[in-house]
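We call the chains A, B, C and D, going by the order they appear; numbering starts again at 1 in every chain.
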Amino acid sequence: MDKWDSSAGAAAFHVPEWMIQFADQKQEFNKRPTKIGRRSLSRSISQSSTDSYSSAASYTDSSDDETSPRDKQQKNSKGSSDFCVKNIKQAEFGRREIEIAEQEMPALMALRKRAQGEKPLAGAKIVGCTHITAQTAVLMETLGALGAQCRWAACNIYSTLNEVAAALAESGFPVFAWKGESEDDFWWCIDRCVNVEGWQPNMILDDGGDLTHWIYKKYPNMFKKIKGIVEESVTGVHRLYQLSKAGKLCVPAMNVNDSVTKQKFDNLYCCRESILDGLKRTTDMMFGGKQVVVCGYGEVGKGCCAALKAMGSIVYVTEIDPICALQACMDGFRLVKLNEVIRQVDIVITCTGNKNVVTREHLDRMKNSCIVCNMGHSNTEIDVASLRTPELTWERVRSQVDHVIWPDGKRIVLLAEGRLLNLSCSTVPTFVLSITATTQALALIELYNAPEGRYKQDVYLLPKKMDEYVASLHLPTFDAHLTELTDEQAKYLGLNKNGPFKPNYYRY
Amino acid sequence: MDKWDSSAGAAAFHVPEWMIQFADQKQEFNKRPTKIGRRSLSRSISQSSTDSYSSAASYTDSSDDETSPRDKQQKNSKGSSDFCVKNIKQAEFGRREIEIAEQEMPALMALRKRAQGEKPLAGAKIVGCTHITAQTAVLMETLGALGAQCRWAACNIYSTLNEVAAALAESGFPVFAWKGESEDDFWWCIDRCVNVEGWQPNMILDDGGDLTHWIYKKYPNMFKKIKGIVEESVTGVHRLYQLSKAGKLCVPAMNVNDSVTKQKFDNLYCCRESILDGLKRTTDMMFGGKQVVVCGYGEVGKGCCAALKAMGSIVYVTEIDPICALQACMDGFRLVKLNEVIRQVDIVITCTGNKNVVTREHLDRMKNSCIVCNMGHSNTEIDVASLRTPELTWERVRSQVDHVIWPDGKRIVLLAEGRLLNLSCSTVPTFVLSITATTQALALIELYNAPEGRYKQDVYLLPKKMDEYVASLHLPTFDAHLTELTDEQAKYLGLNKNGPFKPNYYRY
Amino acid sequence: MDKWDSSAGAAAFHVPEWMIQFADQKQEFNKRPTKIGRRSLSRSISQSSTDSYSSAASYTDSSDDETSPRDKQQKNSKGSSDFCVKNIKQAEFGRREIEIAEQEMPALMALRKRAQGEKPLAGAKIVGCTHITAQTAVLMETLGALGAQCRWAACNIYSTLNEVAAALAESGFPVFAWKGESEDDFWWCIDRCVNVEGWQPNMILDDGGDLTHWIYKKYPNMFKKIKGIVEESVTGVHRLYQLSKAGKLCVPAMNVNDSVTKQKFDNLYCCRESILDGLKRTTDMMFGGKQVVVCGYGEVGKGCCAALKAMGSIVYVTEIDPICALQACMDGFRLVKLNEVIRQVDIVITCTGNKNVVTREHLDRMKNSCIVCNMGHSNTEIDVASLRTPELTWERVRSQVDHVIWPDGKRIVLLAEGRLLNLSCSTVPTFVLSITATTQALALIELYNAPEGRYKQDVYLLPKKMDEYVASLHLPTFDAHLTELTDEQAKYLGLNKNGPFKPNYYRY
Amino acid sequence: MDKWDSSAGAAAFHVPEWMIQFADQKQEFNKRPTKIGRRSLSRSISQSSTDSYSSAASYTDSSDDETSPRDKQQKNSKGSSDFCVKNIKQAEFGRREIEIAEQEMPALMALRKRAQGEKPLAGAKIVGCTHITAQTAVLMETLGALGAQCRWAACNIYSTLNEVAAALAESGFPVFAWKGESEDDFWWCIDRCVNVEGWQPNMILDDGGDLTHWIYKKYPNMFKKIKGIVEESVTGVHRLYQLSKAGKLCVPAMNVNDSVTKQKFDNLYCCRESILDGLKRTTDMMFGGKQVVVCGYGEVGKGCCAALKAMGSIVYVTEIDPICALQACMDGFRLVKLNEVIRQVDIVITCTGNKNVVTREHLDRMKNSCIVCNMGHSNTEIDVASLRTPELTWERVRSQVDHVIWPDGKRIVLLAEGRLLNLSCSTVPTFVLSITATTQALALIELYNAPEGRYKQDVYLLPKKMDEYVASLHLPTFDAHLTELTDEQAKYLGLNKNGPFKPNYYRY
């Protein structure tokens, strides 16, 4: 088994340049001008789709109240004022959103039931920094039901649903977040979560690493009492690995981003649906008979290709990795270089995580009305900057849809300006968020209850058994009935009846 | 990165009971009564399908020549008699088979071309023990073209194609193998490969571990000159891990069984086709509208389910692992316990690697005409023994097809007596064998040429870069065009332009 | 061949009750209180989706101009005032919409090119009554380019895009239509198209039959000069068949609703995409693993089932027709009665054209959060009326989405109040509208140019050759290359090289 | 409704040249040298696959008995000698085959049960001429159970299963058929069925039209008592239409070939499976990643394309009909001319019914190892004759598989010498034969019981209601539950609750 690793030596863990660059940009925390750049790295709820489709909550949001929440005096119905939200009076609307979300997050609700007797988080003081949405609220209230005390800030200055924040504050959660925070507000909110008299966190739940770094910078002594960090984003995880490498990680951290279940849902299953949704909502196009090239055949590319093929599109794939390339072949896709098909395709979709996959030269050669969009992990895949030249005319035809017009009249249809289509023009289903939230809750329970010495000052993956447990909590949604091993079978297979069922290198 | 492993501690590498039992049975090599039991563990060419479909070769095989090859005096056209085959005169038929196989094994042919200038195996003395088929012949002749000297025996007493063995002998390869060897013949042949005056092997290519163990037992000193072992079977690999664990492995060994490419082709891609083929050839049934339960949703189960769903069957899945279960749900299959559907299904397929998945109780409850078969990794999944009772009547209706008849007249249709359907009633496409053979060749080259110290006395996985190389050699078959990273992109991603392209834990 | 018909005697052409009822309601044209009821019968552009997604056009539409267009004095830039639209100044916005539509209607553009030399509609005076959209504008301008003079009114009081109407008026088309007409406006507009000094129509293009009936009622003498009627809607076609049956049809009429190409695109291909789109836009649900029952396996049901299966849903089907039922089986769907699965499904979709397919009893038994929607041909399939009872609470959670809440807290999610989901919550792709518009144009050309006697006072289907021509005009969109028969092959098959290629009873 | 037909005038019913030619060849019945040519026209059980796979029956068939059955004296156990089969002693083996077939023909078994009380064929004297197989035996015994007396001959000199014929004779059916009849035997057998003292047929069941024409030629007076002809083959139906056209058809005839259910199963559903089966059994190829061109996108082509796409092949389509071409596009296939892809494809499949679709020029340009086969309706699609030239070498590598080798060494793999792959190299599932047999039985019942005047001296399609009944009898196989209309719904739709449910022009 340990050979698995030694053979890993050659490949190592990639430290892509964009991550290093990104981390560099972040080093001066107080000076960071904006949070917007982050949105595409950590998965977040789409702003645009929330705008268009979200429910009642937004109806109450059109108030012209321009006063900063920091300047308001607000109390919840129990008299507490240990929170800072846009408008505590919106609590009722937020509560309804939370109730709806609860119905689609059965795993957390089950966790509440199963674990509340023993209160596995009794004594836990969790400081959190995530998107503040109805789904997060379900997570927070679950943590509370399991015995934890929580204080919470937003990890994104735009993504907070004010009504939900109000509902949480009304229920007694010290929440510090509103939609449209300034940079200064952002750090102020985080600080209000951490810097409290008579309360010190012993667990961190982070999404992007800002909370963690704030504590590192401002209150390093706090780590003496902290039992662990749970981090879900690619960026935050990378920062933790760098800290660890530099020998500066002083508590155990759990990387929940790379758990099997979360990865499959965030990428394969989610993108299989959101590619269709994103294209349809922006362009109303018909998929049948369209020629599409998908750049990259990782989990995201696999999801996109499967969906479009099923809808009657003719799909071409580009790849750099021969193994993924061979998978594309066996799945029935012509493997080409982008140049070979760029003149004929109706849609170009990037799913590589790479940069400049679609260059100006490609864009010049596309046919009229070609749609170009990005489903990958950054906004660098399409060289959008190269289109900002005087000879090309940009025409915004809808929200998230630009026509870029060549001198000869040729138009290409650029979606979301090359940012992530699924985040900008689709929505993330609650079920996917439920997977993530459950994973976070279990990681907190594991780190908080782990016996001394199980975890050192390092970054860990979620134990496979917990990964399996997350999955099992979601099976009832599908009325799915798991088979249990008999004693005889378990012995035959050399397995524990309760799992884990696979070796770590199993590929699913 | 190294945390990947520490978290692995809990799950460890399963040592299933059946492997231990199996190894026990093997300890007394000379007493082992038969090789038949092995067939289901290492993937082999189906005897039965070869019988029915194989080409001209078999036409020449009906000779009533009962003389043991060991008692014959044969010489090839160059006057050599350093071989032992059924009938050297069949060489021409075998040569044609080899030529046909060459056309479908472009990767090895490309390897011959690319590597023959430098002769990377010059000086290599390879002793091999595998199935002797046209595909193996292409491998052996490739090894020869790369500079190696080879001596070869069969790893299975039934699977040798006599004409191919004759063709190899005619070409000057010392081959010791024929169809229908006795147990004693089996070991005699192996010994003739190893125990030669003036020739000592420095590389071992094994399939099942018998050759390796023969040398361990009889000629342990030989290992001083041996640079490494390449092993492809589940069983052989398990034996090597046990030797390693016991500290008795005295040369590096390479586990080629678990390479990504081989795994995907042996399981997912191969079974996706062979489940249909096996069912059709045995029963001529129609798939449309049939209700099927597939037990197990690993790679084999995934392949079976995808194929049957595509053909219009209604597929149910059983699973013990909640992650695989969730995958089944997301792929559109009802996850049930076998009991829930056993009365209604038309077909039961086992793909678990487990034992007694289908019990007599299940068999009793199946409806009339229900078809039962096994695509998993052993012949234990269906409790066939339980059907050998006086009240049930067995009726052989075709080769590999039995009707088992209950007192009330109910019949179930049992295929291949519960042994592997895809091996017994279908064929393994040459392309799949090409993947395996190429992997073996590259592993031999790697071990033979590795600088001192790269590999210790342990079991290694094929380096990812080689795995990728195997894939890349097969892309031209599909006229697939790989994209190359630009320098800028490689830097951005932190990758070498030539790979490896993924971290070791990547799941594909 | 003629036996095909005699055997048809038994089945005859159904005269469903709802059609009769509907026609009854219509008899008093001037008294008809509203046009809303019609929307679900003739295919129309979704109001709601237009609202949410339509382009620039709608931005200009928020003017608070409450003056009735009938009371305004407007002139286009050429000085003409022979039109009546909301605001002629919006013409530029409408023109851009038309230009975008032109890009997606290549068949009409090709028709303009191919036929404009000979002007096959020279002398034609066409009066039209259809939805007024960008796509209709492309049709009208094509008719103009082919030589016709046109006058146009809207067939729906809500569906007119004012900017497009303005653009048409600016280009010189006498258009009489605006969004939000009153009942009186509606007939006034139609009358202004017909009742003009010095101009008399010789062709009618109708969608729903209102224009035709207005002329029957008010200006019966006009029919003396009219060469034919082209009608596209189910309702309008039914009215024509009734007129014919009653011996009152005094000109030839062409039923373009039942042409092969139009049927396939309006139903199978369109619904395959719009079911996903409609569900996603309204509920943001995930399809994977969901249990769905689709009532009805006609073209619409087939499209819905194929799409959902491809997205990983588990789909059950109900049917009354054993042939369609057998098709469902062979396509891999469990055929059930609604009662059998109603407790377990997550989604119920009706596609039957029938009434009360989903009854209150079914609704009572659905599980919490079950989604209920209609893709069929009327709003009668779900017994929505039965839900308007005091014990149930309705909660509008989004546009087109109601939660109906039972006393015990159970909610069902009702979409579009049981009206057509694809029209209410999705959009009709331009490509589908292009098929229809091309069919209409060809039917007009055929009727206008047909030699005396080819068509009598009866209702005709589009000749198969024209149906094929519509298809062929759309092939270039897909860069599709048709093969031409050699003379020898045509002779062998007994076919004309230019078609028609199939007998009329061919089922495609 | 009757306009449906008038518009049909242009297209008419094609009378392809090959049908006329074929009929010409047949005019001299006594001189017809062979029946082999017919096999590809009427669907028949594959000879080759029967050879390879059929059950016990064939084991008994290797007798070296060269005596002509006509020269043998045989009696069944009841003492009757009114039959002529190969060997009455094989009856037991045949009986077992019939019993197995009964299990897969539930519709006929249900028909026996439902109808045997009333004996709807009491008094019927049916003379039949079809393939003599286990499935036919189930049909004959069903007809007997419904009250009919039957006499039977084979419609093909090779396809008779001797054991089944023996079993029928043993049961008392006068059967005159054996495998390997001479031309003279063939007509002698037919004559023995017809020309009997004291027995005159009143119904004809024919497959190919030979029986019908024998009676026309030899015993025209017999038609006075004959109530009708039921014919299932394309050829036979065409002959009947020609008789009708010529005014020579003197009894009603029913064309069961064109019923919806039979058509779908014979073409779409059957070919979807048999294309995979035929390719696999002959070549053991892998489908994944293969490039395939399918010529023709009718029902057969649709089935082939769907199956291969599902297995991971990349499929191109050629078409002459723009409507079918558009369907191919919408289903996700690139529509090309054969020339465009002929150099790159791995497999060429013809499904057109046309001639010389694949020419020598195409064959010359194919790449090495390209597989060429025919799934269409004749053996003319591939110009095989053009390959019989001196410069090309033919090498038979397996049964039904030829390598044709070009001077430069290029090989193409020709399957079944261009005859129908699905008949030559696959099998027809019993379920498909069950559909046909049930249709035949119902047609006999209908014609026999029809009131005077319902059917004239013409060719009729099976009434839709009967077509629906055939389907409904097969639903229980799938445990499929049909929904019944309520009275209210039936009234609303204008339908009878028991069907027919669709107008005749419905396309399914």
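To be clear about the criterion, a residue touches a chain if its C-beta (ideal position, glycine included) is under 8 Å from a C-beta of that chain, and two chains touch if they have at least 3 such contacts.
Because the structure is predicted, anything quoted here is derived from the model rather than measured.
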Between the pairs A-D and B-D, the one where more C-beta pairs touch: B-D
Chain separated most widely from chain D, comparing mean CA positions: A
Whole-Å gap separating chain A and chain D, where each centre is the average of the chain's CA atoms: 58
Inter-chain centre distance, chain B versus chain D - centres from mean C-alpha coordinates, in Å: 41
Residues of chain C touching at least two other chains: 269, 288-289, 311-312, 329-330, 334, 478, 480
For the chain A and chain B complex, residues of the former touching the latter: 1-8, 10-19, 241, 258, 260-261, 263-264, 269, 318-330, 334-338, 340, 353-357, 380, 458-465, 467-469, 471-472, 474-475, 478, 480-486, 488-489, 491-495, 499-505, 507-508
For the chain D and chain B complex, residues of the former touching the latter: 49, 52-56, 100, 103-104, 269-270, 272-273, 276-277, 280-281, 284-291, 307, 310-312, 344, 368-369, 397-398, 411, 426-427, 429-432, 477-480
Chain B-touching residues of chain C, taken from the complex the two chains share: 288-289, 309, 311-314, 329-334
